[in-house]
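Per-chain numbering from 1; labels A, B and C assigned in written order.
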């Protein structure tokens, strides 16, 4: 398995098509572990969260425990940081990596996970580094596409919401652009939070078909996937502008009615009101399945990083 | 076992006499587990505490681990809530319930545990929901009565302290009223924090004998059980009134001297000074045994909720 | 083993030479546990941290898990304390000690661990009690000396930095004075934070050779061990004084160049800039090995306290 060459998981850009397919296969296998797989039974995962993200932390910790491993954890690692005692991250990681077998790090500074991986004696998984990456989110997103529409080629996807600042949509767009064939991407956003040029130029280089739209309803009827995200109040000059923008990007009954029967709605969660609660019961609402997929992808990655490689 | 019909533990009102007796028997069995019972060895408990309550959390987590299970935990779940990101509790529970086998939830809002149980795919145990319920506290209270006086009928109990606001005494009173025969309840409190009418009316409906008193010393000589609770300063108009009220409800040597030899003193803990430290060494001081009983009751409940039901 | 007489670990003064040697031997054995030792597989450690110290907590928790045990943990125990609810530490410990097999307590008040050990029904380990002790730090320090220079007699050591306020150097000095033969101690510090008289008088009583110096460079060339610590800004009247003092106590290339080839540099960590990063790659930089030794010392102590003693 090419996947076994992974030493750390810092960026979704470490994954090519072959590795993604291996990851999908392995994640699928993880779904059917009904009793504790003892594969990792002598292994310790260290959850090192410099900012709380209980959802992500729980997903990793549950994955580790379901593989038979154990966990030591902090929601409060910021005490290590330059604040109180002035220690650098490298020293922290050098010491901490003596206590376990894999570090899952969440940090508010871009690049922190990479720095950690350079001094750690054990594998490091990036669970989000500020404005940087959150690779397991992108990987569970593309795995969800694979599970839901049975392929990762030949599809159209609408990325909706705050595309300028959304780490999730930026990462997923790049991952798709690099690994999927014959896709069409439609960016749907208010004018003030349009997808940035770096990503659009990247798509042009890769010859990926994309266009930009302002109306979700118009796009909803044609795509296979709507990837919905939040629009945040603080990006707008006034409440009025915000309320106006937000209104036309909500997925509700009206949007559902025009969507294709075999299309799906994704969302990285948490949602606020950008998907109406009534949508939850529609079979096309894939976002809770998507969150659950994260568990299997993380189990697969832990297995790859921690199993004896011979 | 009728107890096996339980799907969640949200309110002590879910328990009738038959279920209580089954619970007592099962809790008794839990006392003698000397090595790890592997019953729950592939199960994960999720401690989801929206406000810290280390004592309660530790009791549940110890119970789970002693049954062979594992735990993922947060003391800090409030970050999920409507504050920062605006997610509703239902979404959180939908996602979280994919990560384990039982959720123990502590929330500051009454009704939160019930809401959680309605969307969760796994059992939910209420570990306190604001002004609402804390059913495992009531259950360990009544189990303690059973252990200490060998019966839950034919006894007299004095409920002492702030009866107007005390969740514990309100819940226990209702549980006793519904399930115990030939009991007498004496409410002992300052005038400004007397037991409220809803509970008194409930007792009248159930034909439970009760009366109200202001002097602990007078009552102490006649009852089988004193259930002591705190009186909080903020309920009183002035420090003087508070100090005066507090003084006459303290259990000390003087009260011990008039109590019956086979009576007991209970307290939900933590105590401040409403029980003098000198009382601790008296055999009638049951409050530390009471706290310890919580472990066995919680083990029993976890076993009931999590064991394969066939 | 004399070590088996230990019931709690509250102070490094509980350890004599014989017990230290037994501890070293047992810690050495812990290094080679490559798969989970099941020795403590039915045991629960309770991490009761009244102030966060993730590094120390992780070290203990990793030690426990590597022995096959499990952990329940709080970084946030201060909620128990006299603040919110007014409970005394004794009550907390009485209840908590029913939930596990050993308590590791970190508290901001000197003497807290001792108080805990007096009411606990299970062993207590002091993981730091304010200005008091942090015995496992001293024990890992002396174990590091043993591992690095293969003996704990016949050596010279420079204690450097804030010697007036440094708990670590004060404790280690006492431990050395009581248990090591033919040692020379050199205190190197600015005038305003010199080693206090109590320790110097203790050394005189024990006939331990010591002297005081102000220049690290002068001392560096002659000693077997430099034990470096931080100098804190708040001890100095002005930034200028602080900067001046700090500068002459930094270990850098210049200091390395004069040190003996088989000497070592220790530091309790975290460091700020009192050891230059370039020093890390020198074989004499023992501080990361020192931190790692803490794991083995803690494993050994847990084994001693928790294994059935027959």
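General observations
Convention: a contact is a pair of C-beta atoms (placed from the backbone, for glycine too) under 8 Å apart; a residue touches a chain by one contact, two chains touch by 3 or more.
Please read these numbers as outputs of a predicted model, since none were measured by experiment.
Its C-alpha atoms superposed on chain C, chain A is turned by 120 degrees; the angle is given in steps of 5.
Counting the residue numbers that touch the partner chain, chain A and chain B have less than half of them in common. Chain A and chain B have Cα centroids lying 41 Å from one another. Counting partners per residue, chain B has 70, 73, 75 as the residues that reach two or more other chains. Residue ranges on chain B touching chain C, taken from their complex, read 35-36, 52-55, 57-59, 61-62, 65-66, 70-71, 73, 75, 269-273, 288, 291-292, 295. Contact residues on chain B toward chain A in their complex (touch as defined above): 41-42, 44, 46, 70, 72-77, 79-80, 85-87, 91-92, 94-96, 98-100.
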